[in-house]
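We just call them A, B, C and D in the order they show up, numbering each chain from 1.
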Amino acid sequence: MKQPKLDGIFPPITTPFLPDGEFSPHKLRANIEKWNQTGLAGYVPTGSTGESVLLTKDEKYRVWETVREAAAPGKLLIAGTAAESVRETIELTNKAAGLGYAVAMVRTPHYYKAQMSRPECQMTYYRAVADAAKIPVLIYNFPQATGLDIPAEVVAQLAEHPNILGIKESSGSIEKVARMVDSTPDDFQVLVGSAPTLYASFCVGAVGAVLAFANAAPCASLAVYEAWKAGDHQAALRQQRSITAPAIAVTARHSIPALKYAMDLNGYYGGPPRLPLLPPSPAVKAEVEELFRDVKA
Amino acid sequence: MKQPKLDGIFPPITTPFLPDGEFSPHKLRANIEKWNQTGLAGYVPTGSTGESVLLTKDEKYRVWETVREAAAPGKLLIAGTAAESVRETIELTNKAAGLGYAVAMVRTPHYYKAQMSRPECQMTYYRAVADAAKIPVLIYNFPQATGLDIPAEVVAQLAEHPNILGIKESSGSIEKVARMVDSTPDDFQVLVGSAPTLYASFCVGAVGAVLAFANAAPCASLAVYEAWKAGDHQAALRQQRSITAPAIAVTARHSIPALKYAMDLNGYYGGPPRLPLLPPSPAVKAEVEELFRDVKA
Amino acid sequence: MKQPKLDGIFPPITTPFLPDGEFSPHKLRANIEKWNQTGLAGYVPTGSTGESVLLTKDEKYRVWETVREAAAPGKLLIAGTAAESVRETIELTNKAAGLGYAVAMVRTPHYYKAQMSRPECQMTYYRAVADAAKIPVLIYNFPQATGLDIPAEVVAQLAEHPNILGIKESSGSIEKVARMVDSTPDDFQVLVGSAPTLYASFCVGAVGAVLAFANAAPCASLAVYEAWKAGDHQAALRQQRSITAPAIAVTARHSIPALKYAMDLNGYYGGPPRLPLLPPSPAVKAEVEELFRDVKA
Amino acid sequence: MKQPKLDGIFPPITTPFLPDGEFSPHKLRANIEKWNQTGLAGYVPTGSTGESVLLTKDEKYRVWETVREAAAPGKLLIAGTAAESVRETIELTNKAAGLGYAVAMVRTPHYYKAQMSRPECQMTYYRAVADAAKIPVLIYNFPQATGLDIPAEVVAQLAEHPNILGIKESSGSIEKVARMVDSTPDDFQVLVGSAPTLYASFCVGAVGAVLAFANAAPCASLAVYEAWKAGDHQAALRQQRSITAPAIAVTARHSIPALKYAMDLNGYYGGPPRLPLLPPSPAVKAEVEELFRDVKA
């Protein structure tokens, strides 16, 4: 199994809401059509940045359909399909498969932390999901939200499964990225989800990235990747330096509301987040405007 | 508004699954009928112990209906209705209200930790939910799972809302329980959710408890409450000492799978947890058997 | 061995510095003479509150001599003697013994956290120190400073040592206090070091307390102890409520600089802390003044 | 001021103890003479790896004298001189200066965590020390031991001080290394203290490293540096991969006792650690032997 190549930059796309809080397929389609013009490798709807925990199941399905219809040929489609239970994750994953998605991105279960920290629970979850999934599984580790960090040793064991394709590692730990690259087979792909360490991640063996920042600034994100791909370390570091501060502002510091505002600034539809996420304050808006002044959209 | 009195002991009831993973209304009804014979003050379905994060929305509704039908008159019904989004929490809360629930227990939103740690997000969430809820709201704080601890100062502000009835505090911090009791109006009720500090919580002003341990050992749990209520501190401490070790085993240490096994031992239907929660190992079973040897069911 | 009874309230006394940063034996003697008039059970110099990590070894010796000379007969003397190394802790402990101290309070070693978290390192440290110590050892756990929490299970094992007298537990966890009381022999004494949970600690079996707050407010601290000792739970809780907020202000929130200012307000010599601890800001001073308005000195 | 260039690899040298626990200047001298034959840029005695928290002040002075006498010309000497208090840190720093040390490495104060986390305390400490120090100061951040992580923003402000030369960052966070490089003047030097991220640190702008691993394997450590310096990224990554696992084993995983054992294996004197650090178990020894089989000493 294990087929799709995940090289390149993927945006975990935001879910556009209208001012009344309703999901707008129309705005989503417009964003996709703009991104289609760039070198982005594909799209990842209903991840953390897609506010998936604020969506109903039906809304997720509508998001997936919309993305599939609007995506240009050749763009790889990865759906965020995680639920805490094995059975619901399988249901969502195979629904995405049926809609034409190539890969399922599956966040670590984490609510019952004391239990979910046990390697046997982590193994059981991913193996049970991967066994039943009709498309390959991409592990998704995001301890800043889940409060749980899947160990490199567990990932190394899961990497042996023929239907577990790789990991999106969003912790920002380069040491962990390097250890996973070094301890897994060559067909297991490590992607990162942290813009400030993008260049350094490529240096130690990551093949691609799922970057929230790329929603608002796909070209600036691609510039790092392309310079590194060309072996031009100095240019890659220079490009990295130009995105670090704006990327931190719209992710770790001010999160989705600020990212959506940066999208608005750069010609995409960002719009408001869903409550209890709050719209950015005027001070945050001013900070984003300042930091994105020279960022390539 | 703010009416129901929450004095006493409430079990956050487990959701019974058959070996194939399906929810069993029949087993749930049988459990309720046994608990009806005790002095338990009411029932709290679809909390953390009820594996609510592993249930679909439809399953939650079926659980609520079953509990309502089986509960004896006079048992207060509290539904766990939290979702991460304001809109979904309101929908669930009012569904529970329509089914006859008296109170909605609403866990803190927590996935977007950096944002949800901001008091303004916490305030917005609870006020928006409480404004729209047709029944009073009980805040639910469980940092061991959520990774987020709502501050006593924020609780003190939320306590002013006419439709926010109290808090279930499961952190185990007596200092926080005491500070919330001391800094909120008299009609704001503090319940605790940690058996090892049950007696100490009553000492500093808690009025009741939502105790997972009470699923398997309602009478032993009630013994602490009743001794304290009668002003017999020595008996209360003695009863507390008899439950601390078994309660820790089936909550903090081995969690729901062990609790369900203790229920099986004590004449209730525990049954298996849902994956990725794993059934208790033989060693855990032996530990539970030993610790529950002398515990009043 | 294991003799001194540690019932009652002990202040971990502050070290008075003059404005030029020099230790003042004169000011220390004056404080002791005032405390001698109260029901305090004894004195604990060179603990965390005594800024012991900011003192040289010679200064510690001078502090110990001064306290011993000024203390009234019957006041039990406990010296803070911990160093990271076994050999230096033994040297300090036996120096204190030679100066007439009855007990050595020995904080958990903690700098090499990954190693010092191992039970075998904790056991080795305390057993090696207790074997060589000429006076009994009181374990001292203060995770808020050390970043390391010695487990109740390790304490239960150390409690078997004939020269380990008890523990001062400053974590604030009532659950842990209760578990240690329940799992150790009767001659092992649990003291607490957290004013906000003082009354609750007594309820679950603590026999005494080492309270920073008692430096500035010995009588208010004693009032909680004496009410509880008399079996008057209502009065104990009422007294507890009157000290919680001021105690938090001068410990967890604003620490030693604020505590020293509260001492100045209450007729003791507080004076400045040593750098890099900074004197309290005007806002902190105003807060302390407000909170101590009605506190019994 | 700000003169010494810190490019290259520095070992934070271990302090050799004889089996009776006494410091051995003789063994230390022998180690230095061997390291003198390598391309190491200098030596850093009495850091964390030097067990400085287990040494008396007199022992530190003897270590410094021994290193100074044995070091070959051209080896830069950096002394670990931190104490919690400003006054004691200045005293130690100027003692080191008098003995011929070029730089003082000063760990963040951290015992009073709530206070020491405040930027104004961090600023006060480093400015007061740097103002009075006769040699330049190298900030030393090691949150794994101190439990406190000095923020990049505070470092950026301290970098303006003419006598604060740089930072040794041992957190392992590449994001933080990059942010400090990007936000400080060119004459502020960032060194890292984490072998697993050595190559990645150079990529983002670190100029050198203080590596515990280099005690046992100076040449393997230098190989990473030299390949990167020569612009050969592929060789640097290959060398990095060969040191990651053995370096983790003798630092994060098994710490100083295992590092000293690796030194013994590689022809240096490691010897036993001081209590409460415990000698490596047979299993740890076997692990170290296996991992160091092919490591260049």
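The definition used in the following text is that contacts are C-beta pairs under 8 Å (C-beta built on N, C-alpha and C of every residue); 3 or more make two chains touch, one makes a residue touch a chain.
Quantities reported herein were computed from a predicted structural model and do not represent experimental measurements.
Contacts with subunit A and subunit D are shared by no chain at all.
Of all chains, D has its CA centroid at the greatest distance from the CA centroid of subunit B.
The centroid of the Cα atoms in subunit B and the matching centroid in subunit D are 50 Å apart. Averaging C-alpha coordinates per chain places the centre of subunit B 37 Å away from that of subunit C. Multi-chain contact residues of subunit B (touching two or more other chains) are absent. Pairwise chain contacts in this structure: A-B, A-D, B-C, C-D. Considering their complex, residues 21, 48, 53-56, 84-88, 109, 111-116, 120-122, 124-125, 128, 144-147, 252-253, 255-257, 274-278 of subunit B touch subunit A. By the touch criterion given at the top, residues 172-175, 178-179, 182, 194, 196-197, 199-200, 203-205, 233, 237, 240-241, 244 of subunit B touch subunit C in their complex.
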